[in-house]
Every structure is written in C-alpha cells, then in structure tokens.
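Each in structure tokens, the structures are laid out below.
Below, chain A partners chain B and then partners chain C, in two separate complexes.
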Partner chain A sequence: MTAAKRFPALALIVLGAAFMVLPLLIVLDNALKSPADYSAHGPLSLPHGIHLDSLKDFWNRVDFGRVLLNSVLISGSVAVAGTALSVLNAYAIGIGKVSGRSWVLGFFVLANVLPQEALVYPLYYLAKQAGLYDTRLSLVIVFTVIQAAFGTYLLSSVLASFPREVIEAARIDGANSWQVLWRIVVPVSRPTLGVLLVFFFVWTWNEFLLPLVMLPSNDNQTVSVALGVLQGQRLMDATMTNAAGLLGALPAIAFFLLFQRTLTRGIAVGAVR
Partner chain B sequence: MTKARLRHPRNTYVLYLIPGALAFLAVIAVPFAMNVYYSFTSWQGVGSPAWTGLDNYRTLMKDSQFWASFRHSLSMVLAMAVIPTAIGLVVAAALFDFVARHYGTRLASVLRACFYLPQVLPVTVAGIVWSWILAPEDGSLNDLLKAVGLGSLQQDWLGDPKFALYSVMGVLVWVQLGFPVVIFMAGLQRIDPALQEAAELDGASWWRRFWHVTLPQLRPEISVVLLWCTIAALKVFGAVYVLTKGGPADATDVPSYFSFATFFEKTQVGYGSAIATVMTLIILALAMVGLRFQTRAEESQ
Partner chain C sequence: MAKLRKPTAVTAMALAGALLLASCGSSGGGAGDGRTLRLWHYEAPNSAMGIAWNQAVAEFKKSHPGVKVEFEAKGFEQIQKTASMVLNSDGAPDVMEYNKGNATAGLLARQGLLTDLTPEVTKYGWDKLLSPSVSTTSRYSAQGIMGSGNWYGVPNYGEYAMVYYNKDLFASNGVKVPTTPEEFTAALAAFKAKGITPLADSGAEYPAQQYLYQLALSKADRAWVDAFELYKGKADFHDAAWTYAADTFADWVSKGYIAKTSSGAKAEDAGVSFISGRSPMFFSGSWWFGRFKDENKFAWGTFLWPGSKLTPGSGGNLWVVPKNAKNKQLAYDFIDITMKKGVQNALGNNGGIPVAADPSAITDPQSKALIGDFTTVSGADGLAFYPDWPVPGFYDVLVSAVQKLITGSAKPDDVLDQLQKAYDAGIPR
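The block that comes next holds the complex of A and B.
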C-alpha cells in the first residue's frame, strides 16, 4: 500500500477513536461554562472563560468528598478481602488438589455468572434482619464474596500449574502448609494477585444495583449511586449535569492511567468477565 | 515416595476452603435458595410469605410485559455482544497490523486506550453524559443536527418510544466496544506473523487476509467475548436505570429492570423472585452451553 492509499484508512480509525472520546470532551467543555454562557451559546461552543462554580455547586450538593471516601473504602476493602479469600480457596483447589475440586470450582463459576437480581431481595432482607442494612460493611461482605468467585476461578487455574518441586522441597524442609502459602505461593503469584486487586477495585467501584438497594442514605452512598440517584431525580441543570459527569469520570480515568499496564496485562492473562 | 508424602498433607488443605465455603453459603447459596422459595409465594415483603405454588410462573408465561422485556434483552445482546464483536474485530485488526505497522505501536496503543475509555467509566457516568447529549431541548446531538442544517432530523431520542430502544442500544455499543478491541488485540499477538506475511506475498488484500487469516485464528477469543458479553447483556441494569428507567411506556424495559421495579416499586416480592429465577435459568443454561463449547474447542486444538 502506498502512503496516499493508506491515509484514508488511518483517518477513518482516528475518527472512530475520536468519536469514543468526544462525549467526554463535550462534558469537559460544558462543565467549565457558567449557566449564562451555556444558555447564550449552547452546548457546542467553547467556554468564554473558565468557570468552576458548577463543579463547586455539585461537589457541595452531594457532599462529593464523602461519597468519594465511601467508594474508596468499600472498593479498597473488597479488593483486599476478595483477593485474600480467592487465595485461600485457590490454594486448596489448585495446589491442595482437594477431592471433588472440579465440583467446587464449578460452583464458583456458577456463583460468578448468577445475576444479582436473584440475590438482591434476600440480601436486602437478611441485611435488615442482621442490622447491617444501610452500612458500608454489608456491601463489603457481599462484594468480597461475589468478586472472590471470579478470583477463585482465575487463581485456581494459575496455581494448578505452580511448580510442584518447589512446594515439595519446602515441605521436606519442614514447612507446614500455611508457611508454604505465605512464604512461597503468595510472593511468587504477586503479579496475578496485583491484577485481581486492581480488577476487584474497579468492578466494585462501578457496581450499581446492590449499592443502590443496600445504601439508601446519602451518607453511605458510593459515587455510582449518588450520580445515578441524582440523575433519576432530574433536578440538575445542564452545567451541573456536566459537572457531575466530569467529577464522576475523573477518578475512573485517573485510576485507568495509573494502572493501565496492570489492566491490559490482566485482560491478556484471561481476566475476562 | 512423593505420592506417600503428598497423600498425608493433602487432607489439611480442605481447611483452607472453610472460610470461603461459609461466606458463599451466607451470601450466595442461602439468598439464592430464599429467592427460589419466594418465587413460589405471594409476599409483599412484610408478614410471612403465602405459598401459591406455580401461580407466579403461570402469570409470568402470560405476562406480555415480561415477554416484551425479554425481547428487549435480545436487542441488548445485539448491542452489547454481536455489534461490538463485529466492529471490535475490524478495529483490533486495523490497529494491530495496519496502524502499529505503518505508524508505530505508540499511536496504536493511544488509539486502543481511546476505544477502551468508556469501559472504565462507571455506567452511571456514561448514562448521565449520554442522557444529556440525547436530550430533546438543547441536547448536543440535536444542536449538532441543527448546526449542519439537518434540523428536521431532531428527535426526543430517549423520550420517544419509537427511538428510545435504539438510542439505548447505541449508547451500549459505545460502552462495550473497548472490551472486544482489547481482547482481540491481545489475541492477535499470539498469531504467527509468518501467516500474514505469506498471505501478503501472495498478493492478498487487507480484507482478504482479515477474512481468511485473522478471523479463523481468533476463534477462541471470539467465542469468549461473545459468551461473556451476551451474559453481561442479559444482566444489563445500570444503563437502563439511568438512561430511561425502562420507559417511555416500557419501550426499553429489560428483565433485570422489570424484576427490580417489581421488588422495590410494586413490592410484589414473589413475582419479582419468579422473574429473577427465570432470568437465572436462562443465563445459567447459556453459560453451560458456552463453557462446554469452549472446552471442546480447547481440547480439539
């Protein structure tokens, strides 16, 4: 192909990529306008001067700092606890080769594809009975288990190909199974565990149905739910809607840029859901 | 000797499954069993459930709203699995063996990141952004149409029953596309470049190589992506909640939203549970068929 013939194809794919990003650029553009600027020039003009009031208004209205903290606490706890639970399960299945492991693994796979709709009402009811309704702890418990279903599935297949000589050597040297797990298996599997931590964090951050049901009060809401509820009430004007979109997107984009390598490696490892 | 040595400690490994087993019992198995039990009862969420046998399921079979929501699910499969897979294949192949080869891997990975961006956003953010862009008054899309002289095409994209489902589908294609692109690009790295080069030396055009070399080689990735995206499409909830709440006039209702509304707005817990149970059965059946298909493909390789 000559350079002149190549150019239209390149232009086409760059245009496609631009279309994917365009909605967020429009949001950035309009989040920085004053309401007067917006109503005078519409959504497609560039802002006449940077105007941060919409962002401030939105931040104060939903107490965004608190909502952000809730999301960080819940997603962070789930990432750590979910990875730990996955390691324990996968150690028994992948390295311990416990009998009936294919059934156990099959159960985890089923748990992983189960729609949350089939759990939501009983979980809501049980949380109320246990006095955990409208607490962040209830969500941490539920998502730790849901994410660990996937983690167990992935990690079991990774650990099944763990070099057995290493483990046998350690056992002969007198290490018990807990020491083998903690001193050998966990350090060696660090890259995969890193992938699980990042994925669990992002997935929990983006969850919507269960947080919507389990966390009704403003004080406990996550970023996703706070935005979804506010959108549902249709009370925001145009510039505030854009401020909401921008502030909701920023943490996700920051996290993406920070962990881009881990994320793409994780997808390549087969961390597909 | 290794056998005898390993036999003994093997039993203690079961202990490591205990925390997981208890947690799964409490959070997945028991709640799911409760859901199935509720589906055989009539219950408003207070008092005790009254056993009604198969009544909910009989009603469900005749409920046109359920079947409509299920038909919309098939549209979601189109929007979240079929279309993104088809476009994703072309985009991934173009990025991998056209852009990366002629313009450098750096540009290819920047473009890949652009396609993947919507995947990292919380779905509520995507919903907020698009419901404003598609708004009837001063929405960006309608403004854009007017600016280029196509004002007559302006619509109430999410508020008109004729267009709402297509608008939601369009947004979901945008949300989902990055996933197949990234998976297929990873898969392409595994293909032997000699195959491509041989086809190119034979004078095969880009499209012919795409069709006869790239596609057959990517079969395992294509089946994984189609399976997981189809399951995700059958479960889709957040996007519908934020964009349309199933409206207008149930034009975008899907089973997950239908069950949510039945649980928490109509508080018909028994009926909602029946919807959720049927949804589960469909998804599990699909996953089972897909997994069997996948293991068979792996074994034959």
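The block that comes next holds the complex of A and C.
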C-alpha cells in the first residue's frame, strides 16, 4: 500500500479519535475553572488560572474515597464471579451439550434484553425479604446474574466450536470433566475470558439505576450514583459537575489502559477464529 | 506453563472470595433509642438552605447533648426516584427534605408513608408562622391533593419568581426601571431599539413556561388560580388570561423581545446570559439569587412583575417525617429549630427567603428587598404556585407548547388547545 492510499484512512481515524477525545477535554477544561470564570466566559473558553477547589469540594462532599472503594468492590466481585459463572454454564452448554440447550440459551438472551426498569420492583421486594436491601452484596448477586447471562450466551457459542480432538485426547489420558475444564478449556480460552472480565467490570461500573435504587445509604453508594448528587432541583453547578465527571471517568480510563492489551489480544484471537 | 498459571488462578480465586466477603457488610438504620437523628436533604452545602440547615444541626447538637446526627447529602433525582421504596423499608431516615406538590409529597401521603404532623404543627405553633398560600403545599387530602386536610410537611423557606435586572445596562442605555405594564413594554422596546434582546429565556426548561404563566397571572385572580391549581372550578385555557398570555408571548417573540434561538436553550444558558451581562433582564425564581450575588460583576436589582398581584411561587420544599422513622421526637425538635429566629435569620442573610425571620436582623440591602417583596406577595395571598403542578407530566407539555410559540410553528390558539387537552386528560376525577 502506498502512502497516498493510506492517507484518507489515516485522516479518518485521526478525526474519529479527535471526536472521541474532545468531550473528555471539555470536561477537563471546565473542571479546572472557577464558577465565576465559567459564568463569565462560557464552557468553551480556556480556564483563566487553574482552580482545583471544585475537585477538592466534590471529593469531600461525597467521601469519594469510600465511594470509589464501593465501586471497585462491587465491579470487581461481579467481574470475577460473573466470568466464573459464565464459564461453568458455557462448559455445560457449549461442550457438555446438555439437552434442551437452545431453550436454555434463549432464556439467557431473554434475561439479557429485559429492561432493568422492569426488574426494579421485583428486585427491591426480593432484596427486602432476604434482608439484603441496602447491602452491596445484593448488587453483586444481581449483576453477577445479569452479566453472566450475556457471558454464557457468548462463551457457549465460542466453546461450541472448541476442537473436540483436544478434549478427546485429554479424556483418553484419563482426565475427568473437572480436569478437562480446568486444565484444557479455561487455559485455551483465556483471552476471551479476559475480555469478558474487563467488560463486566466496566459495565457494572457504569450502572446507575439499580445501584441508585438498591443502595439508599451514602455509605454504600457507587461512583455513578455519587455523581448524581450534584443534580439540583433547578440549578446545576457546571464546574463541579465537570469535576465530578472527571473523577468518575478517570478510574474507568485507568482500568482500560491497564487492561488494554488483554482486550486487543482477545479481539485478535477472535478474528483468527 | 501449567505451573506458572496455577498461582494466578489461586490468587484470582482468593481475590474473588475476599471481595465477596468484604461486600457483605450491611448498613442498617439506627435504632429507635432516641440517641441518633438521621437527616437527609439535597441542598448544596454553599446554598442558603445548606448553610442555614448546617447551623440548625449545630444548634440541635447543643440542645441535645449525646445525640448523634447522621446527615447524608442526597441528589434531587435520587430522592425523587427512590423515596417510596426507601420510606417503605427500615432504612428510612428520621427527617428528610422532600419536594412539595401532588405528584410528590401528596403521593407519599396518600400511600401512608408520611407521618401526619397535624398535632405537632399546633403544639409547636408552626401554622402561625406560615401564610395561607405558603402552607397550601403542606397539607394534603386523603386523595393526596394539596390545599386541605392533614399536615404532612413543614416548609421553612419560601420561593417566588421575579425580574432580575442589570442596573448598569439600564443606565448605559438610558432605560428607566419600569413600575407599570406600559413602562415594562416600553423598556423592552427601548432595549430592542438598541439591538439588545431584553429578556433572557430558555425554551427547553422551566423559564419559558414561567413567562407564559406570569403573563396569564397578570390578568387573573385567586379564584382563577384555585380553579387551575386546586381543581376548585373549571380551568378554561381560552379565557381572557390564557389568551392574553399566549398572544402577548407570541407577539414578544415576533418583536424580538424574546430570542427565537432560545427555544432550545437550558435554564443554565439563560442564567449565564444574565450573569455575563448579555441580557438586561431575566424573569425567574429566587433560587438564582445566591448565585447572582456571588457571580454578577455589575450592579443589579430585582422587581416584581409590573402590574400583577399574583406571581409564581410557593412555600419551599418540605420537612417530612417518614412513617417508619425511628426517632420521631428528635425529628420534631429538629424541625422546630429550623423554624426558630436563629436559623431563619441565617437563611435570610445567605440569599434565602425565610418564612419567619426577624426583619431587622437581615442586613444586606439586596436580601432585604428580596425578602420584603416575598412578604408583600405572600401577605397579599399572591403566591400562585407553578404552571406544571396540576397534572402529572404537564411540565413536558408546557415545554413543547411554549417552544412552538417561540419558533412560531403553531398559532397561540392551537397551543392553548394542546394545553387544554393535556390538562383535561390529566386532572383527578
């Protein structure tokens, strides 16, 4: 390919990247302004002097350290437990080929497309009956199931095309079902599992409605709910909202950068197959 | 390879187990032993209410030694969305701020989630501090309709809409501050002649509908408001008041007093256009007062809509005591402190509108004018509530209707038809 041919594609990618980064830059820009500066010059001007009070005030107001810990705890638990559950389900459906598996898969898809608004009240009553209302455990359970529904669906189709010869070879060598799963299937599909882990973490991190409903007390709040504290009845505090947005987005960005290689590797493996 | 992987797997399992265990911790509400007061509200800490209520907490701690106050700052949305669920559980706070109105406090009262405060109101004498149009939003009938029945909440501040104006722009353009409707339209025309759009507006949010409602109110009386807001009579959107409002609004848009480009603007945009000195006037609520005081870099003042006895406004949000509250007596004590002179004066001196302040204790002249106007309006029974209150979902209908007036995509008459239809479909029967 010549440089001339490559140029339009490259320009398009740069343009796309700029589009993705621009909103983040605006958030950063406004998070560093003083409220008076914002009101006087509008949202698109550059800050006249760095003003870190919005960030500091927001951190203290919602006890951000604690909120961050809650989110990491919940998202981390869901990512690990959800992936584990997905593997076990998918092993039974994709490799074990249990009877009626298409029905089971259909059920999982259904659970996945159900809008969360429809689940709110049933989950609220169940959690209250079980004494789990306003505990982080309730969210971990709910999201593990929701995410695992998608994970099962995805992994089942991946494992359905798992090379049978490998499994049969292991069987002949005397491996039982558990050893086949643990020694053969999991190691081979590790890139896919890594991707699932990352996605589950980020998806759970961004959840708003269910944490809002299930965790009323501030001690248990997650990051996305804490950001909502700034939404006033009639007024908004633009600079502090931006500061909050910045603080809310940073962990997700950091997590993404950390696991970027896992993601790209997982996608590449999928492409070869 | 297998050897290398094993430790990773074990670590992952251990981590998962630890995370699961750690997330088991429960919170649980405080016990009903009279030793903790759990308080929730959603006002920003630097707002008038935030400052005054902080002071109330300090005074409460002083008069109740040994009682712990557990305050949690909430978001407006959070309380709106989850109140009925939280209040139905044992996680309910002892006292919390809640939005007034039929669809909010009225609904919770009807569902039996709020404590009837009528005995406490007479015992502490709170009813004597509140004027009739302020206390309308405190009382709800068995159907959850405001204006009569038991007391389910107590407001300790008020709010109303007024015209904020930029004194510097008035002076530099040689425009006189209007006191009559004729002078008001003359001032609008004078600014327009100089190439300045006189009124800041936002079509996508509440400001535009408040212009429309205020225009109607300037031709209306209390019976009209009671018919529209409290269903005591038939609300006719083709009567003289509404027709005048819609025609005048459309006329002002065509004359350029209200910018056509404001149809998509947010309330924040309208406020910022006033703060940055681009708009000489902005008609909106007292909730802007504190921010304008902090951020306006020019001389400014406020006046009531010229020639109108009625103005949009009401008592503020309510203190409510959930049915499941565990320390109700502490909650009543706390509410009483917020109604006392000390906290009321703090409200007034920080840009809020107290309902029972000591007028001589308010030192700032702008705040004095703000509170003086409120006393005038509420004393003359002139608080006319807000246009979106009577019917659930009416807010969005009003937004779309007024946007049509701004863009000129529908005639005033058709817009009024749209309002009538939505209103008739939504009122309780």
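Basically, the second predicted complex is superposed on the first by the 216 of 273 C-alpha atoms of A that agree within 3 Å, B and C clash if a C-alpha of one lies under 4 Å from a C-alpha of the other, contacts with A are read in each partner's own complex, and residues count from 1 in each chain.
The rule is simple: a contact is a pair of C-beta atoms (placed from the backbone, for glycine too) under 8 Å apart; a residue touches a chain by one contact, two chains touch by 3 or more.
Owing to the predicted nature of the structure, the values given are computational and were not obtained by experimental measurement.
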Task: Answer with first, second, both or neither: which of chain B and chain C does A:S224 touch in the superposed model?
output: first
Query: After lining up the shared chain so the two structures overlap, which partner does A:L137 touch, if you call chain B first and chain C second: first, second, both or neither?
result: second
- prompt: Who does A:I74 touch here: chain B (first), chain C (second), both, or neither?
  reply: second
Query: Counting only touches as set out at the top, which of chain B and chain C does A:A149 meet: first, second, both, neither?
result: first
Message: Tell me the contact category for A:V213 with respect to chain B and chain C: first, second, both or neither.
response: both
- prompt: When the two structures are overlaid on chain A, which partner does A:R61 contact: first (chain B), second (chain C), both, or neither?
  reply: second
- request: Could you look at A:R6 and tell me whether it touches chain B, chain C, both or neither (first, second, both, neither)?
  value: first
Task: Could you tell me if A:D237 is touching chain B, chain C, both of them or neither one (first, second, both, neither)?
output: second
- request: In the overlay, answer first, second, both or neither for which of chain B and chain C A:I50 touches.
  value: neither
- line: Of chain B and chain C, the partner touching more residues of chain A is B
- prompt: Same chain A residues contacting chain B and chain C, which ones?
  reply: 42, 212-213, 225, 228, 231-232, 238
Residue ranges of chain B in contact with chain A within the complex: 2, 5-6, 9-10, 12-17, 19-20, 23-24, 26-28, 30-32, 34-35, 38, 45, 91, 94-95, 98-99, 102-103, 111, 113-118, 120-125, 127-133, 138-140, 143-144, 147, 174, 177-178, 182-183, 186, 189, 206, 224-225, 228, 231-232, 234-235, 237-238, 241-242, 245, 255-256, 259-260, 263-264, 269, 272-273, 275-277, 279-280, 283-284, 287, 291
- line: Interface with chain A, chain C side, in the complex: residues 1-2, 5, 12, 15-16, 19-20, 22-28, 42, 44-45, 72-78, 81-82, 85-86, 89, 91, 99, 206, 267-268, 271-272, 275-276, 285, 287-288, 291, 294-295, 297, 317
Message: Using the touch definition from the top, list the residues of chain A that touch chain B in their complex.
response: 1, 6, 9-10, 13-14, 16-18, 20-21, 23-24, 26-27, 42-44, 85, 88-89, 91-93, 95-98, 104, 107-111, 113-123, 125-126, 141-142, 144-146, 148-149, 152, 168, 171-172, 177, 181, 202, 205-206, 208-209, 212-213, 223-225, 227-228, 231-232, 238, 241-242, 244-245, 248-249, 252-253, 255-256, 260, 263-264, 267-268, 272-273
- request: Give every residue of chain A touching chain C within the complex, in rising order.
  value: 35-36, 38-42, 61-62, 73-74, 76-77, 80-81, 84, 124, 128, 131, 133-137, 140, 183, 187, 212-213, 216-220, 225, 228-238
